[in-house]
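These notes are about the structure you will find just below.
Letters A, B and C mark the chains in the order given here, with residues in each chain numbered from 1 onward.
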Amino acid sequence: MSDAAVQPREITTSPRPSDRVFRGIVTAGGLTSLVVLALIAIFLYVKSHAVFTTFGWHFITDANWTPDDSVKMSTGHYGIGAMLVGTLITSVMAIIFAVPVAIGLALFLTHYAPHWMRAPLTLLVDLMAAIPSVVYGLWGFFVLMPMAINWSMLINHYLGFIPIFSVPVPIFDRSPFIASLVLAVMIVPIITAIAREVYAQAPRDHIEAAYALGSTKWAAMRAVVLPHGRAGVIGGTMLGLGRALGETVAVYMVLNLVYSVNFHVLQSAGGSVASMIVNKFGEATSFEVQGLMAAGLVLFLLTLLVNFAADLVVRLASKGA
Amino acid sequence: MNDLVAKGIHAWFGKRLVLEDVNLEFAHGTVTALIGPSGCGKSTFIRTLNRMHEFVPEARFAGQVLLGGNDVYAQGEDVTKVRLRIGMVFQKPNPFPSMTIRENVLAGPKLARIKVDDKTTLVEKSLHQAGLWNEVKDRLNEPALALSGGQQQRLCIARSLAVDPKVLLMDEPCSALDPASTLRVEETIDDIKHDVTVVIVTHNMQQAGRVSDYTAFFLAELGEPGRMVEYGETKQIFSNPRDNRTERYVTGQFG
Amino acid sequence: MSVSVLPTQPWRATPRIMATEAAGVLAALLLTLLTLRFTGFSGRLAAAVLFVAFATAISSGIEWRRRGFEAAQDAFVRAMLLTASALVMLPLLSILWTVVQNGRAALRPNFFTQDLTSASGTGPIDQGGAIHAIVGSIELVALATLIAMPLGVLSALYLTEIRGRLSGTIRFLTQAMSGVPSVVAGLFVYSAWVLGPGKGFSGFAGALALAILMLPTVARTAEEVLKLVPEHLREAGLALGGTQWRTVAGIVLPTARSGLITAGILGVARIAGETAPLILTVFGAVAINTSMFNGPVSALPLYVFGELKLGLDTAFARAWTGALVLMFLVLVLFAFARWLGGRNTR
């Protein structure tokens, strides 16, 4: 670096006025997502901050939801503890059901199915993601639930000694278990879509290297394809979790909302923040509406967190590989 | 005794015949080079030898590949066992990215579930054979991708040797390497040929001249499938080819 | 002589192996039937579980005898993957089947010509219909598209044409926005518009909520298709002395046109079936409301949801028919987008 005297010349451009306008408009449009997300947080907070100042952390930890129209917010009680716990229970169970199936399906679609079968099967799975949630709810209520009640009874009969499978009151319909089955069916296509993409991108030359070393198909999958797709599958799982946490109508139809925390997943009592908002909305008093706004804010932040985490995982992993 | 015999090999992709009636024998302890312009079917040919050809969905095949007298395409033949005995090194170095150098060498036994009593000895022996031991002996637990391209390719050779194959197929192993690395790989081939029969596809005629004992020249005339035009001792092919197409190719007049 | 050589696929399963496999499946079926007959097991679930277990065990066993443990493991995994795929296909086919089956009853001309002003939702199925919901859905989706489409395309243009410092952030936030629960979008519009300047429920409020849900889908798909516009086309435009604005408007956007239409259709398919945000913003109605700024509007998903809540057989029949029409529309849109997209990439 002896010729320090030579300085790079600065290149300046002054865009024409039309381009300046163009770039301004596009940039403004590009900021829509930022603006909308900020507005959602601001409006929900402004409309609900009285709830947080009145109840503080109890809003999140207490299970008790007793609206009261009298003059003060504090004469009623608003807590979403049971709904929050219920949301997490059904969503996590849905993930537990959906992930192995989605991974299996994605692997089948990318590396096992006969070639002529892959495109139509993939289209079918993608179609599944486009089915409206109200249709899932309808199907869950009329078709799945009668069957799932029998499965619940079986599980309860044979595994009832495990606390979560015991049922204090023998009512099996509209349980967290059934809601999680419906959610699982809804999120399988989401997870499958992402898993399929990452499995399909597994490097051919590494797969061939594994085969050339005398490995069976499964050994090659385990050595190359599954590790290659791990981060993507985790990211897809988180996206599915975000979807499950926020699902409203389908859960509303197949879950009995009960305002006390219930860990008996086969029992007809569960919680869902999103469904509660729709459920309470119709007849809500003005204080209760503020409570619903607060619940919406909590749900918003929770799903935002999950989505950020999903994005982070995928990014870190794709950098590492 | 010939380790590997290819009899009447034909290969198709869909309805298109790309390789017609190739007959070749590979003697134990020799290196055979397959040369020819691109698209002449030489890569397709070696992929039929260890049954990698069949990964293309519309692939078709006819002929026999005899390994120690047994047809590897015979009914009931376990294709994974075939590939264990006929190893392959690819054009681009492809060590497993998630594994260390040591794990890469041991990948074969692990994938095929072969019991290894003394892993350390196997790693050292395989890396020695591939001429890589001195460069990596202190960093066996580093990721394989930390190596240079040439080292990676020799690691892939070590990985193939670790399952003790009878035959090693090399599909243009140096085409992605710089001249110095190419030289090291060629030295490696020279070292291992007493233990394993080597079949190497190459674009580089100097390389064929340097490393091989026998050379086969493949050619696909316009609109015709690939055929083997001439086969003989490497010296003869380069100094005194019988076919004038071979002569024109080895003297660089086309290809 | 070469003419006589026939192409073969010696790696394919021979008829004998295929026969063995078929026999294995038959044996599994037989074992299942016997188990159901002579033990306490009964029901479809038991039959399915038993069949999968027997079939897996038999096929793994056959491979074990033929080629050893590794091959048996391979066969086991293959059977598990097939089972997983069947586990996904079954609910999908079940949904399509039941919606068509149950939706047929109330699928009559009056469903498409009448509303629910004179006939109540619980009345006989030959009276009243869902025309108000169908019209409402079209209005809502059209207005939402009008809002979300330009903003989504602008977001995508920022990422592909401006490529400014905020690119990473915007991509990240768009992704985050796609995760906003639909009920939260509805609640937001309720608090910001319905309770405020909107003065009550209206179609516009619903369209706003739907636009929030639609925008990320449009932005992401549009970014993908704009990325496919070859760089040299942009450079050619600029090298001819065009401004960036003229290059984008005259070359980039027209090149990506069918892809952008695909983005819009995927966005429409994403929102057409949304229910929760509409409950909070348009409320639902029994007749066509031609004003988008004044008073409640109905929509197909709301119609289904409302009829379902009535809890009577005739109402259920209407709900299923609503679901059938809704699903048909969404799937047709989706398939059309796919077809267009597929044609575009080729």
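What we mean here is this: contacts are C-beta pairs under 8 Å (C-beta built on N, C-alpha and C of every residue); 3 or more make two chains touch, one makes a residue touch a chain.
This is a predicted model, so every value here is computed, not measured.
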Shared touching chains for chain A and chain B? C
Comparing B-C against A-C, which pair counts more contacting C-beta pairs? A-C
At what distance in angstrom does the C-alpha mean of chain C lie from that of chain B? 48
Cα centroid separation, chain A vs chain C, in Å, comes to 16
Using the touch rule from the top of the page, what residues of chain C touch 2 or more other chains? 70-71
Going through chain A residue by residue, note those that touch at least 2 other chains and give them in order. 216, 219
Residues touching two or more other chains, restricted to chain B: which are they? 80, 112-113
Which residues of chain A touch chain B in the complex? 115, 203, 205-206, 208-216, 219-220, 223-224, 227, 321
Report the residues of chain A in contact with chain C in the complex, numbered from low to high. 15-16, 18-19, 21-23, 25-34, 36-37, 39-40, 43-44, 46-47, 100-105, 107-109, 112-113, 121, 123-128, 130-139, 141-144, 147, 150-151, 154, 185, 188-189, 192, 216-219, 221, 239, 242-243, 245-249, 253, 274, 277-278, 281, 292-293, 296, 299-300, 303-304, 306-308, 311
Once bound in the complex, which stretches of chain C touch chain B? 1-2, 5-11, 14, 66-71
Per the contact definition, I'd like the list of chain C residues that touch chain A in the complex. 43-45, 70-71, 73-74, 77-78, 80-85, 87-89, 91-92, 94-95, 98-99, 102, 150-151, 153-155, 157-159, 161-162, 164, 166, 169-170, 172-185, 187-188, 191-192, 195, 212, 215-216, 219, 243-246, 248, 269-270, 272-276, 279-280, 301, 304-305, 308, 316, 319-320, 323, 326-327, 330-331, 334-335, 338
Okay, in this complex, where on chain B does chain C touch? 8, 10, 12, 17, 20-21, 51, 54, 59-63, 73, 75-76, 78-80, 112-113
